[in-house]
Each structure stands twice: as C-alpha cells, then as structure tokens.
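My structure is below; once you've seen it, I'll send some questions.
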Amino acid sequence: MATTRETETGEGGLDLAGAFPDPDRFRWLLGLVVPALLVVVWHLLVVTGVFAAHQLPEPLRVVETLYGMAATGELWGHVAITLQRVFFGVVLGVSVGIVFGTVTGLYGLANDLLDPLLQSLKNIPSLAWVPLFLLWFGIGEGAKVLLIAVGAFFPVYLNLSTGIGNVSEDLLEVAEVYDLGRFESLRRVVFPAAVPSLLVGIRGGVGLAWMFVVAAELIAAGQGIGFLMSDGRVLARPDIIVGSILLFAFFGNLSDLAVKGVKQRVVDW
Amino acid sequence: MTDTSSPADDSPESTGDSPESTDDPALAVRGLTKRYGDTVALEEVDLAVDDGEFVAVVGPSGCGKSTLLRVLTGLEERFEGRAAVDGVDVRDGGSDGVGMVFQEPRLLAWADVRENVAIGLPGGVDRDDPAAHDRVDDLIETVGLDGFAGHRPGELSGGMAQRVSLARGLAYEPEVLLLDEPFSALDQLTKYEQQDNLLDVWRERGATVALVTHDVEEAAYLADRVVVLGGQPGTVEAVVNVEADRPRERTDKALLAARREITDALGV
Amino acid sequence: VGGGSSRTVTVDYAYYNPVSLVLREKGWMAEAFADTDAEIEWVLSLGSNQANEYSQSGEAEVASTAGIAALMARSNGVPITTPYIYSEPEWTALVTFEESGIETVADLEGKRVAATRGTDPYFFLLQALDDAGLSEDDVEVVHLQHPEGQSSLVQGDVDAWAGLDPHMAELELEHDGAELFFREPAYNTYGFLNFLDGFLADHPEDARRVIDAYERGREWATDNPEETASILASESDMSQPVAERVFTQRNDLSGPVPGDAHRDLLSDLAPILEREGLVNEGADPAGSIGDLLDSEFAAGAAGGE
Amino acid sequence: MATTRETETGEGGLDLAGAFPDPDRFRWLLGLVVPALLVVVWHLLVVTGVFAAHQLPEPLRVVETLYGMAATGELWGHVAITLQRVFFGVVLGVSVGIVFGTVTGLYGLANDLLDPLLQSLKNIPSLAWVPLFLLWFGIGEGAKVLLIAVGAFFPVYLNLSTGIGNVSEDLLEVAEVYDLGRFESLRRVVFPAAVPSLLVGIRGGVGLAWMFVVAAELIAAGQGIGFLMSDGRVLARPDIIVGSILLFAFFGNLSDLAVKGVKQRVVDW
Amino acid sequence: MTDTSSPADDSPESTGDSPESTDDPALAVRGLTKRYGDTVALEEVDLAVDDGEFVAVVGPSGCGKSTLLRVLTGLEERFEGRAAVDGVDVRDGGSDGVGMVFQEPRLLAWADVRENVAIGLPGGVDRDDPAAHDRVDDLIETVGLDGFAGHRPGELSGGMAQRVSLARGLAYEPEVLLLDEPFSALDQLTKYEQQDNLLDVWRERGATVALVTHDVEEAAYLADRVVVLGGQPGTVEAVVNVEADRPRERTDKALLAARREITDALGV
C-alpha cells in the first residue's frame, strides 16, 4: 500500500518534484545537470593547468579517443565481449544466488550450514579470486564468466535469503492456517513477498558484476572494457583509462535502469 | 481472577458425555494458560465445543480472545494445558482442519481480490480449475464485492478488505471455523447479510464455529452458546446458553433475554 | 610527510631493481640527503606500469621501469627523463616445458604464448618472432599477468610463456623440464631510472644526490653479489638460489650511463609501439627517445669512478 | 510485527532448526562444517597431486606461512593497518552515504539531480579508480581511506535512499495529519522506518569496503592485507595469496557479524 | 444515485447563516467528487458542519466515508468540488488544525505505546518535557491501557492498538477531530467508556467532531446530527437531527427515535 516515490510524485508532502510543471516528462534531464557541470569543471581544471594533460586529458580528448576507436570498429569489439561476459555472468550468478538464497531463506539448517561460509566469501576482493580461478578454470571464457558470476551471486543470495527470512509473519500464519502446503505457500506468499528483496539483490548483483569485469578481464583477455582499462594503465594512456571508466559508467547505468524498470513493473502494489 | 468459574454444563467432561457428540468434542481446551513474557494472556481456561455447535466468545479488549483462537489453530506452539481438535492435540496436527478469519484482514498486497480469496481454497483444489474460479466468484458475490474481483487490497475500503478476508475463510470449508471479529468493520445492513450468510454456511456444512465478537446482539443471534471471558489474564467468567429456536428472529424474546444475561456477565 | 620538514623526495624501490633494495636497506639514500631539508619517502613499485603511474601523477620523483615502459610513458606525454640505467638485466626469455616439443621460436607458430602486454617480455616476444620471420598474428598471444602466465604454463593452458624473473628463475629451479628455449640479452630493454622533468630542472642537486647514492649502491652490490642476493631474497620472499640466479647471473650493473646502445634498442622498438597501437595517435616514439635519454647528467658521477 | 528468523526459531513452520535439540546454543558450530569439509577436500586435492603444491599450497602450508608471519610480528602490522583503513573508510563512506541517501530519499529534486550520476559511478570498478585517486589525492593514507570510502558509500546511499523513499505511505500520512513538521517526522517516522534499510546498506558497504581494500592498497602501500595479496601475486607465492584470502574472509566475516549484531539489537520490533 | 438529497437545513448556505455560527462553517464540503481511477468514491457530496458541532457519518461499507475524512484532512490532493475548514480550502492549509484517528491503528512498530501516543502531541509541545509525559500518561490511562505504556504495537491486542491510536488522536487537541470507526474493535463496556470520554473531551475543548461509525446506537448517542451516506458512488442520502438534550441517557426516547430514523435511511 506504500506507494514508492518513483511511481507517484507530489504526494506525501515529502517530495519537491511536484513543484515543477509537468515534472515527469523532463525530470530525467535533471540527471544530466550535475554530470554536465562536472565535465565543465573537468575541462576547466585541465585547460587552466591544475591537472596536466598527461595526467587527466580534457573531456574532448577522451571523446576523440573513444570516437577514434568506434570509427575503426575496435570499440564495439570491446563493448560487445564485455556485455556478453556480464550478461552470462549475471544470468549464472543470479540463478545460483536464487537457489542458495531460497534454500537458506527457507531452511534454518541450510542457513546455519552455508551462511557463515558464504558471508566470509563475499568479502573476498575480486582480484584475490583471479589466481585461483586461473588455476581452477584455466584461461577460457568460462573462467571470466564464472568470476563475474561470483560478483553477481552475493547480493542476490544475501537479499533473497534475508528477504525470505523476513516475510511478514502475519502472512506466513495465513498460509499455515489455510494449510497451503510447502509448495503453494512458497508460490503464493513467500516468493511474491520476497520479490522486492530479490530485485534489490539483482540490482546489486548487476552492479558488482560490472565491478568484477576488470578482474575477470585480467584473465587472459585481449578484448573488453576491463581489458581496455588495464591496458590504458599499462600504457600510461589516461585518455583510455577515463574513456573506459565512462564506458563502465554508461553501461552500468544502462543495465541498472533496465533492472529498475523490471522492478517497477513487477513490484506495483 | 484465579478462580475460574466453569459451570458444570461447560466442563469438558459433561459435554463429552452429551448424547449428540461423538467420542471427543470438536474443540477441547483444558487448563489452558498462555503467557507472552510477563503478560499472562489466558489463565486456566476450560472450554469444550461440540461437533456442529456454534459458540460465540465475548469479553473485554485484551482479555485473550484472539489468543485463544490462535492456540486452537496451532499458531502458538508454547502454552500450558491442553488444546485439542476432535481429540487430537493442536500441536500434533489437530489444527489441520481448522480455518480462521483473522482479526486483521491480512491480505496479500500483490494479489487481487480473486487471488486472495483463492488462497483459502482447501488443499486438494486446483486453483486454476474453472470450478474453483466459479467458487471464488460465488464467494466474492456472497460477501457483496462483485465488481471488485480484480482490485488489489490497497484499493479497497476497510470493510471491503474485511469481507475479502471473510470470503477467504469461507472458501476453506473447514470442519472447524474460527472467526475473530469478522464483521467489526461492516455497516449494519452488510453485517446482517453476512451474519445470515454465515448461518447458512454453518447449517449447510455442519461445521463447528467459534466466533469472537464484541457485538452482544450478534453473539446472541448467532450462537448456541456464548462464552464470556473476563479480566486480564483472561478466564472464563460465564457461559450463556441461547435457547431460541432456529431459524431465529432478531427480535426474538429469548434472544433479548440472552443478551441481557451476556451483558450482565460482561459487567456493562 | 613530516610537518616540519619542507620537502619530501619520493623514490621508488622494486624487486626488479636490486640496487634500490640495497639503498633502502642500508639507508644510503637518506644519508645522501642528510645535509638537506628534504626527506626521503620510499614507495614500492610492483611493476613498470605502477612505477609509471607514480611518475604520471607526479607522486614519485624517481621511479624505476623497464626501458620500453619508460619510452611508452614519455611518448604518451609523461614528463620523465632517464639520466641513469640501474641495471642491464636479462630478465626475460621465452620459456616452455620439454614435452611441448617447442625448441625454437619458429615452433611457436600457431601456439599459445602467455605474455603481459606492454611489458618487457611482451616486446621480447615480438622481437623474437620478428627474428624468426613470424608476426604476432602467427601465434596466439594470451594476455596474462606475469605470475599467472607462469602458472598457466605449468597448467598447460599455454604452450609457452614470455617469462620474467624472478618467476622465470623460480620455474627453472623448481620445475624439472622447464627450459628457456630462446634467450637474447640484447632484446631486454634495460632498467631505466626515470626522473620527473620538474625535479631534474628545479632540484638538479637533489637529482645528483639520488644518482650518487645509486652509484654507491651499485659499487657495493658489484662487490658483494652474495649479500645483495640475500637482500633481494629477504625483501622479496624469494628463495636464496632464485635470488642468486637472478642477481648474479642475469644482472649487469656495469653500464649506468644511457648511451647509444640504449638509443639503438629503443629506436628498433619505436615502430613496434606505433604498430601495436601502444601510444597516442599523434605520439612520436622515435622522436621521444632523444627527450627521454639524458647521457650528460649522470656522466659526471658515473664516469668519474 | 513480523518476527525475523534470526530472533525466533521454530515458529512459522518454515524453519527446520526447531527439529534439533537446543539448537540456538550450538548452531553456530554448524557453520564450521562446510568450511571444514572444504579444507579436507583442498588438502586431498593437493596431496593427491590434482593441484601442484606451487600452484595451490596445502592448508597446513598456508597456516605455517601465516603463523610464521604472526611469529615475527609482521602479520599484525598488515592486519592492523588494513583494519584501520577499513575502519576509517567505512566511517567516512557510511557518513557520506547517510547524507546523500537522506537528501535524495527526501527530496525528489535532489534525487533527480544526483541519482543518475551516482548510479553510474557505482558501477565503476575499484581498480579503475586507482589511477584517478593517485592523481587527485596522491599516495598518502588519505587516498587509500578515500577509495575504501567510495566502496562503502554506494550500498549505504542506495539502500537508505530507496528505504526512505519506500517508508509506508500509511505512516507518512499519520505524520502529515498530526503536523509533525519536517524535522519531527524525519526523527520519529522516516528515519526509524528506514533503519533496517540503512543497516542492510551498511552491511553491504562493509563488504564492499573489504573488496576495495586491494585496490586501495595498490596505491603505494607497503603494508596491509591487500598489499600482502598483490605482493604474493607478484612474487608468485600462492601460500601468501591464499593466506591473505583467508584473512579477508575472516575479518570480513567478523565485521559482518558485528554489523549484524547491531542490526539485531536495533531492529527488534 | 446522482440526485443528491440535501435537506434545506444541511445545505452550506443555511448553516452558514445560522445564528450560532461564525462567518464560515467549521467544515464545508460542496460538490465534492472523488475518483480513484474508474472507481467513483464520492459524488457531488455537500456537507457543512458548524463550529463545535458533533456530526456522525454512517453508511454502507465502501460508500466513501473514509475518503471523505481523507479529503478533509488534506490527504487527498486531487478531487473535484470544494472542501474547506474554517473557510480555508484544505489544499491551502485549511487542514492544519484537523486531526484524524485512522480506521486502522497505523502505529509505529518500533515505538512503544507512550511514544506512539506522543506522536499526536500538538506542534509546539516538547515531547521530552515532563508535562508532556504526564499528559501522555493521562491519555494512556484514559483509554484504559495503564500498564501497557512500555509495550510495542506487536504485543498489543487489536482493541488495544485501536485505543492507542485513539489516544494519539486525542493528544493532538485539534479544533476539528475526525474519527474513522474508532471504537469498532472494542467490547461494549470499553466502548461506552470511550464514547463518554470522547464526549467529555468534545465538551471541554469545544471542538468540532466528525465521527464515522457503523454503530447506529453510537451515532445517535453521540452526535448532534447524523449524515447518512449511501450507495456507490457515495452520496448524501439523509441527514438526521438528534434532538435529545445533553447529557443524554443511552435509553433516551429521542435517541431511540433517531436510531429508527437512521436505520430506515440506511435501508436496514
């Protein structure tokens, strides 16, 4: 019954957006204001010499570099392979996360057995996994996708597990009184109630997947945005580094918007 | 408050021996004490309800009426004393055939009225079956919500939500139906309709019904027997038999007498 | 950064620069600055690219890299000059296992070779391929960090590895059958000690102190190879045999002044940088060599001995 | 009114832990079962030669290495400095996250202005920040703490912002009807209602802080667990790598338990 | 249903001109239509309530009673027609002096009873002041919850939660108090107590009160005037003046007459 801010504005008295005429139509444009300002500041910092061009290239230089790579077609190769890796990694990580999250959320025993281990693993930095993944899974695409999946796994697992554990006791009692049975109460009560948690988890998982890309693409990659960034570091090419950061930001935001869109569609009560 | 007054005709023994009952009473509660931390919600409560009997429970706010129903549905695992349905302890699966309409609507926010009612359909029924659909639509009509089948709980008024919850309970078709103030948010006309509807269901299905209510008129009109709980911790203060024949008139003299008796027991 | 002291001079140290380890261990760099108001801050470089990042951000006045890495940075606009060569190492070679059947560079055709892009072993591989009449496209270069290249070779994920010490020495010593099937000291690009241009220009006396300290360390290390190897071993957690092999057999400290040999090698490599797209669009690696190497500055200190 | 699984077991019918005698006392021991099994498998894999010892050292070897470092006191230096960095990073990141989360959660305008930018930044991998942080903040402790703070910031920001946005409309209406005023309704209604979200965010933030440590300690560090790991990689010392992974897992889990403990204390309704 | 029956003495004009009122009626609703999507909750509703008047609103479940109160408290921003408090449109801050007891308890789950009641204290009051504490404790006692001041909502029975919500509303001391079925979950004794308590508050503070209820007896006993809403969409069906003098006896003849009149208008 609580309406979320995203779906309804101008109500509840805590939202200032209502003060603007027809705000929903153009409000996304507001999101460009601060980044635009930052770009201007960035440009000024470089041209006034606060940062030397070899340290931080001016915005236009970065755009040129990206454009140059796009023109030769090189950029699309990097973007496509990374998108593919992230996609498969997310699909895998989210799937496994749903399984583990469901099992530990439902069964106290499974939770007691697995949760401490998984909680420990979740804090291991992506880079630390690289040598182990190389050892275990070799240098193929599989190793990269798996590493990205590790990143996507944890937020899904955590959120779903606690989400299922936190389903309103009131509603669980309803399921019990009406003898819904294990399967039906999962299907009708527990899962729908945990869907918002799951989607928060997926959002987090997609974000972490992007974070794990760089580490994954240290595993014998010759292409990809993460490779591009590492390469830029090795070659002392700040324009490439900043360019790949922008690519991360852009695609990260895009995938985030997609998940958010799904969330708003699914969680509409 | 510790001296529980349990009249002879209410003690489990006597009802257990009454001619129309099978071996065990449908609901048997003996020496039930339920604590929540320091709060004693119920103390040494004895109650027996025959198969097919309609019992109403009244009593002041906070005296443990809802707690009593929760024990009978098996939602409370820790209590002292005995609570059994058809002779089977509620903790050993005795509560399986018991349905309850909760005091709050407790609807699934993401499901529409139809799906919410369908939650109550008994175990064997396939919820996607056309027959099940018809049954659900019937129930929705019975509680006067035709036209709202596709609405979500957030779009319903308080009384409408309560009726969805009621329809869900009726869908379950349990042997024992417990109702916790199911008509409290309804206007008089709707309330009368739903009371009569409940009586029809009870008669047709031969179910055992225990109804918690604050409405003395309602208790007298519906019940065979009215249990008056009192105090905090809750104990059985009195049991009033309503002698009026069925079908009853709301203005029946016997009902008026019962109402007075209940009101007196409540200390109003 | 001491609050009272007016200046810090940040100097890097690296496992691939043994003299820096000696200087740090013995405190000789600090000694060289004892009569100034400057303080020495040591910062560890785990590889050339990290050292370059310290130069690029202006955080380290002195940083040690491989020669090719210095040229790349300079070509891409990082204002560094190399007045001193900290070693002439043979730290890279092509490695494989006996059973791979690879005996010459020509055998690499169609094989998977692990290498770390932009580093010395990578350029070593390119030059070796060039020699054998192959190009990069004739082999499958697998981009892996040095240690991971080593373990991939052991695992059999790759057929050969453009190896780097100390991983290479370790592999040699600890694994039967590991062999360096192609060695060419001349294809290693030296160890360049890079100074920030601003540092050289504004504090030439400090720069000279750094070079003096390096000269002192170089002399001592040349005289005490075993002890130097011990310092290397303890600093970098290598075993003593590995350290000894790395330092005593594959490090030549005799030519500290940048000269024609270095210029020629970089000139050979400059076209490769452009071809591989390792420098900016408009960059001119060949032209940058002159800017990078400064034979004059250190000549006094080093030549004088 | 929903009781969480952690505080009450054996109720709600979906928890099997109730089947065990006195489960609460020893259930944490269950968490050691799976890790212990994994260690045994690990040991067997190494001694049977599936993995060579120089690739994956046997468990005992790792313990020896750690013990050796502990004996010389070297280990405590690494651990202490990393704990310190994580602590300050988390404090900073969480504080800033609370400020931004609150402002964007409350004001639609602030949300429209800032959220798209922050959503984009959150997907930038930790390694990508390293060169920029080096440039902006130098090689001191500050740069490391700041980078860790970046990691801790985003989950706090995200969870708090959406948590505040999702506070039950019913309760906001109560605050409005009783004219609580901006400050009081924040203090009495919005913040308490958002506390669970905040704590979920802090838990995520602490986790990400541990992930960012490795990147942070690539900024001119000579000590720290992250440094130890990078050093182990450069030196090809798998025992050190695995040892530092274990340290990450251990301290990560410890800090997670601490936050979880706080959560159970605070969110007890 | 579209022909709204608004008797002459109920139209805004006539009450506006009545001798005891100031310039504007305390509550003035004219031509109010409120839609939720396709559902029309209220249609062309006219209502005027004088300063200090006690009005009850009755009507079938889902006819828009709660919606009417929500409009008057300024919780609904979009509606057609006019709704004003003391002559100020509710959308222009007219709702500031209006307090409401919601149909559901809506308590803060993390706060104890004392804090929940304190939420209602009027703007200027410092909630940590000892005087404020005393006031809150008084109110808790008034609604019969002494001993539960430190309990959390999850530890209360349904009726107890409702009384906390009531105490919160009374703490606000508004000029206009709206109550949405505030006694629906209370037993008769407690209900009677709280009704009388409400009358005391009303008299002492000279507040204007609008009370939604399904209890016709309650409406007649408490109100000066009873507005009967009907149908879906809700419209004003009738207005019943309760002529009994105050203080009233529950068995007063005039009340019985009013009850009959209301019941007739409801169509029971």
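A, B, C, D and E are the chain letters, set down in written order, and residue numbers restart from 1 in every chain.
To be clear about the criterion, contacts are C-beta pairs under 8 Å (C-beta built on N, C-alpha and C of every residue); 3 or more make two chains touch, one makes a residue touch a chain.
For clarity, every value in this text was computed on a predicted model and none was experimentally measured.
Contact with both subunit B and subunit D is made by A, E.
Distance from subunit B peaks, on a Cα-centroid basis, for C. Chain centre most remote from that of subunit E: C (centre = mean of CA atoms).
Note: centroid distance subunit C to subunit D, computed from Cα atoms, is 37 Å.
A separation of 16 Å divides the Cα centre of subunit A from that of subunit D. Subunit A and subunit C have Cα centroids separated by 38 Å. Taking each chain's centre as the average of its CA atoms, subunit A and subunit B sit 50 Å apart.
Residues of subunit C found to touch two or more other chains are 53, 56-57, 145, 147-148, 151, 155. Among the residues of subunit E, those in touch with two or more other chains are 104. For subunit A, residues that reach two or more other chains under the stated contact definition are 1, 11, 55, 130-131, 135, 170, 173, 176, 233, 238.
Contacts from subunit E toward subunit D in the complex involve residues 73-75, 96, 98-100, 102, 104, 106, 108-111, 115, 119-120, 122-123, 152-154, 168, 172.
Here subunit C touches subunit A in the complex through residues 49, 52-53, 56-58, 72-73, 76-79, 114, 116-119, 141-145, 147-148, 151-152, 155, 157-158, 278-281, going by the rule given at the top.
By the touch rule above, subunit B contacts subunit E in their complex via residues 36-37, 39, 58-62, 65-67, 103-104, 144, 155-160, 163, 180-181, 184-192, 214, 216, 263, 266-268. The touching residues of subunit D, when paired with subunit E in their complex, are 1, 170-171, 173-181, 188-189, 192-193, 195, 267, 269. Of all the residues in subunit C, the ones that touch subunit D in their complex are 1, 10, 15, 42-44, 46-47, 50, 53-54, 56-57, 59-60, 145-148, 150-151, 154-155, 166-167, 170, 174-175, 236-238.
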